[in-house]
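One chain, chain A, links the two complexes that follow: it is found with chain B in the first and with chain C in the second.
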Partner chain A sequence: MNKNNTLHLNKINMKPWLFLTPVFIMFSLFVFWPLLYTFYLSFFDWNMVSPTKTFVGIDNYISVLTNPTTYKIFLNTLFFIGILLLINLVVPYIFAFVLHLILNRLKGFYKTAIFLPAFISLVVGSILFTWILNPISGPIAEIAGWFGIQLPIWSQTEGLVIVVISLITSWKVFGYNFIMLYASISGISEEIIEAARLDGVPLHRIFLDIILPVSSSAGVYILIMTIVQGLQFVYTPISVITQGGPNYASSNLIYQSYNEGFILYRTGHSAALSIMTLLVFAILLLIEFKFVERGVHYEN
Partner chain B sequence: MKASMKLVSLLLLILLLAACGNSEASSDDTQNGEKTVVDYWHVNAETQGGQTVEELVKEFNESQDEIIVEPRYNSGMYQGLMQNLQAEAAAGNAPALVQIGWSYREYFSNNFHFIEPQEIIKNISEDEGYLEEKFLPNVLALAENNDGSQVGLPYSLSTPILYLNMDILNEAGVSPEDLTSWEAVKEAAKTISESTDNYGLYIAEAADNWNVQQLIESNDAAIINDGKAAFANEQGFEAYQLYADMITEDKSALHIGSDEGTQAFVTGDVGIAHLTIAQRKNISDNAAFEVSGVPSPAFDGEQLKVPAGGSLLAITTDDEEKQQAAWEFTKFLYEADSIAAWTEGTGYLPPTVDAVDNNDELKALMDEDTMMLSAYHQLENLVPWAPFPGGSGLQAEQLLIDMRDKILAGAPIEETMKATQEEINNLLQ
Partner chain C sequence: MRTNSFLGILWHTIFILTVFILIFPIIFALGTSFKPLQEVYNNVLNIIPIAPTFDNYIGLFERLPMIQITMNTFTIATVVTIMKMLISFLAAYAFVYFDFKGKKFIYFIFIASIFIPFTVTMIPNYLIMSSWGLADSIFGVILPQISDAIGILLINQTMRSIPFSLIESARIDNISHSRIMIDIILPLIRPQLMSTGIWFFVNSWNEFVWPSLMLKSVDSYTLPLALQMFISAEGGTDLSVAMAVSIVTMIIPLLLYLVFQKYIIGTFTASGIK
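The block that comes next holds the complex of A and B.
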């Protein structure tokens, strides 16, 4: 009896682990191992092919931290995050709200139209937008020209270049974020909103006091995804249009790691910068858990 | 329960098989029956001469029965090829013949195995004098690295020329014959921007220092001298001053990224463009105006120097039989008809001296096309793309790009150039 029992227990304990094995192997190969190896490489001077790696201790970290470009790129990264949050979280949230509660017609059309660009490759999108937004000869410049307006040369203007690249990225990200938020908002029970409407609660109060708190779990998911994935998505237009220029004005931590590692072959620098980027994001996530997660409403 | 165990083991099995499949695919077969296999790595996508590569390889494979050439396309241009080469060389599967971009010459020759063409020719009496017959001395020297080894042979060659929008030039009353010096181009650009509502000039601002090198070195300054950065002197300041003045003071030149700038020229918003000859097909196919070309100018009274773009062909295998086979294929690629097909398919210049005289189509192209002719005439003025020594060459190039961005945005020229020169020389030590 007793013996049987332990055997049973073992079986139960083994099964989940067995199921986890394939994923665990995948993760180890493609996430944990590269991460450890990056950490290891950050202490060496290496050009990716030379048979010898020279151990340099924390020199790579010192060199990254003493380089003024690093701080410029760090500020750029924050600027990117701010803009991406605005156009890929705040705006789609409001869009989803308006579409669900205020519009009565053409809902299906808007949903499809807004989601459609998410299917198209961002490389194609970037090339397309380089042409559309060309400040000298693109169609928008042409139309502006009729009214005597001259477009600024955005790809060479500090600040503006980040805004435009974020806009190009949002072309791809916006639709997905919008659909997620829309799904969450449509899940909110109609009675609550109906009751509020009968009581004459203004729309912006409905949004802030009912919609936002109840759909906050989806909101937080989109918040994190916008920060983490948005920065990876902006890589594509940067690489296609500006290559981080002019003078690093459009670079961010992720593009810079790539640039150091795979264009200049400064593997150690790239690894050190990557590890520091990882730390920055870990801190951002911690802040998120501490201040945002508390107020989130999960249905189950 | 049992079913779930089966599922797990199935997944594990799939994973295992996937891993095995991988190692199988990468194993190298040197012999294909009796024939020697030559792996030829190129960067030519379908629209950029990829078809020509396939045709040339097919013709060669059918012309004899001892060698089989297997072409492999590498995406991401020379940088992409270099990344693939790193991976394959680390696994011991280096190809036999590769295209190496000029800016990777030092990096490649310092880090990878290659064999000098002279080494191979040594044992073949009929090929004695082959290199001297085929190439101009300065063209052959492009593929010689800083240590004096012949890394390979020049294959794809491009130079920057001035493309002219004749509609705009006629409207502004600027004659192409006047554009003989950079000072004259500056004047012409000013005339164009003042008398029409177009920009006068665009100099390509790609992610490299190629166009700026033409400007600086044609004012008797050197990007690099004796293995050290040497551009921060009076001649260098003067060259950059002229460039920056056109943008910040005259506002006659356009300051924008290279794709956008090329588009602006093609759409007809810019009078003169300093771009690579490799853009010729794109421009003449898409421009709705009469387009013409003149050679890149030098500064008044100075010697014209144009940097070479494109690639060299290097033989990377250490198997002697393959080296011979790769050499046979290389010689085929340099025959006049193959070079004519290559020029036709890619827009690069013929790297050999005998191609134009021995192929009627090529001759006709040179007679008709002012752009092609301008670039071809510059071959004797070719200089290598600033080959910084050691492992820091790519980083030095990046610093030159940063310097350009700073100066064109209005930074003080002398100060910025001195600081960059010092930074590069610190790197090179």
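The block that comes next holds the complex of A and C.
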């Protein structure tokens, strides 16, 4: 925020603080205080209802880290991230490039249609796809049946359950990411691309050597937001379809934190787990600030 | 720009297929919601019902207090949107047009809060709402949802698109801050604010996580919670009714999107709502 760009007339007064008071109150109550309190709870043994909390030091962290389930859940989380990034970063990047450079017709229609699921609840997405992908009586199973193919019971199959839940989540996330990446790519000067084309540079080189570097701040932003929000978005299909099962096969760090807190009533474990998730996200935040905020906030 | 026509056809095919995968479930749900139950299973692939019926919708309104549930959802989304827009607008005004001590740091803290996973705040917020007697109340759902820094970020960025000299000369003419906000800034960024507001409204309408922790009785449910009652991995026996609830849940967000899509896509692509 540039000094020359502010109202000098207002330099010494309380006005900005007055305008910030509502957000200060709301955020202190429902974001900052809860954050500190969760940190505090992560050092106690508690079940959310008992009148006494027992101080246990870093025991919650130790028992979470030594629990084999945590490792399973950590690997699941990485698997979720991998699939989410493939479908919601790599594919929409290519799509945005293609829509901008290769397709001339139907641009408006594609944008409108692809963005549409972003406006629909993931609970709706979950129930629609649970039925469409129902391995016994759903429409896909019916078509597969003509060819004598039997669909696997995906909600009970380790590995596959994560793939399907990621697909359901991607139904909502894909269009948003696509529009953001398209916005960035369509802002790139036409002359550079046109010149490269006239020189006979193949399309994939244009994408890799021109588009990717120039749109990289949007790319990093989408990369990080897909991880941070994607892991929280998948909570909804996990919660309504599998509840983390079978045997934690579809759980991730976020769902497990809920499971520890609200199902098993191990408040300390839940708090320790969510503080550790926060640390991972904090690293992503620092990367984001390094690569993105600088570019985004100072150029208009 | 000329393109090789084979490449064009190939990519059009891929795009049409993608659109089909994204949109087909909605059309499928619409068709199924008008099917009698036996047709749901015997006539799976036919989207248009052979014997269309309103029974699923009628049954739905008989089984659940759907009007109450829809009103709850609407009230929550409306209050959250108005409050979030209001406090974010004031905060963005302070960040964009004033210089004060610690501004950069405070802004950073707010933006950083976007990275806090909901699991970090859920237990304390649950305890706060319970101790205030707001558990199972729509106010308990509303309050934490207002504290979302995305609003500050988006309105901040939009405000920066207004020529700075305009606001400065208004201040030199001694026009009050409230008049500057209402008479100068508001008209200039109305389409962007409207798109942002619609986005917040729809997100709050669709919100599942926090309401599912707060709301326990069916009378205080929101639409996504009502819908969740009909889900089971096996498909369940209430599928046609579940599809009717899906339609009721998505109809308002879909209409908002279809009516305002030009503004919305314009705002999202132009100002780089991130």
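The rule is short, and it goes like this: the second predicted complex is superposed on the first by the 260 of 300 C-alpha atoms of A that agree within 3 Å, B and C clash if a C-alpha of one lies under 4 Å from a C-alpha of the other, contacts with A are read in each partner's own complex, and residues count from 1 in each chain.
In this text, a contact is a pair of C-beta atoms (placed from the backbone, for glycine too) under 8 Å apart; a residue touches a chain by one contact, two chains touch by 3 or more.
All values derive from a computational prediction rather than experimental measurement.
Student: If we overlay the two complexes on their shared chain A, which of chain B and chain C does A:241 touch? Say first, second, both or neither.
Tutor: Touch partners of A:241: chain B and chain C.
Student: Thinking of the overlay built on chain A, is A:275 touched by chain B (first), by chain C (second), by both, or by neither?
Tutor: After superposition on chain A, A:275 lies in contact with chain C alone.
Student: Mind working out whether A:50 is in touch with chain B, chain C, both or neither, as first, second, both or neither?
Tutor: In the superposed model, A:50 contacts chain B only, not chain C.
Student: In the superposed arrangement, which partner chain does A:131 touch: chain B (first), chain C (second), both, or neither?
Tutor: So A:131 meets both chain B and chain C here.
Student: Taking the superposition on A as described, I'd like to know which of chain B and chain C A:205 touches: first, second, both or neither.
Tutor: Neither chain B nor chain C is touched by A:205.
Student: When the two structures are overlaid on chain A, which partner does A:112 contact: first (chain B), second (chain C), both, or neither?
Tutor: second
Student: Answer with first, second, both or neither: which of chain B and chain C does A:262 touch in the superposed model?
Tutor: Both: A:262 reaches chain B and chain C.
Student: Could you tell me if A:284 is touching chain B, chain C, both of them or neither one (first, second, both, neither)?
Tutor: After superposition on chain A, A:284 lies in contact with chain C alone.
Student: Chain B or chain C: which reaches more residues on chain A?
Tutor: C
Student: For chain A, give the residues common to its interface with chain B and its interface with chain C.
Tutor: 11, 15, 19, 22, 26, 48, 130-131, 134, 136-138, 155-156, 241-242, 262
Student: Tell me, which parts of chain C touch chain A in their complex?
Tutor: Listed in rising order, the residues are 1, 3, 7-8, 11-12, 15, 18-19, 22-23, 25-26, 28-29, 32, 41, 44-45, 86-88, 90-91, 93-95, 97-100, 103-104, 106-108, 110-125, 127-128, 143-144, 146-147, 149, 152, 157, 160-161, 164, 167-168, 171-172, 177, 202, 205-206, 208-209, 212-213, 223-224, 227-228, 230-235, 239, 242-243, 246, 249-250, 253-254, 256-257, 261, 264-265, 268-270, 272-274.
Student: Taking the touch rule as given, give the residues of chain B at its contact with chain A in the complex, in rising order.
Tutor: Residues in contact with chain A: 1, 4-5, 8, 11-12, 15, 79, 83, 86, 89-90, 107, 111-112, 199, 207, 254-257, 259-260, 263-264, 266-270, 391, 394-395, 398, 401-402, 405-406, 408-409.
Student: Would you pull the chain A residues touching chain C in the complex into a rising list?
Tutor: 1, 3, 5-11, 15-17, 19-20, 22-23, 26-27, 29-35, 37-38, 41, 48, 95, 98-99, 101-106, 109-117, 119-132, 134, 136-139, 142-143, 155-156, 171, 174-175, 179-180, 182-184, 186, 194, 197, 218, 221, 225, 228, 231-232, 235-236, 239-242, 253-254, 257-258, 261-262, 267, 270-271, 273-275, 277-278, 281-282, 284-285, 288-289, 293, 296-297, 300
Student: Within their complex, state which residues of chain A touch chain B.
Tutor: Result: residues 11, 15, 18-19, 21-22, 25-26, 47-50, 130-131, 134-138, 153, 155-156, 241-243, 245-248, 262-266 of chain A touch chain B.
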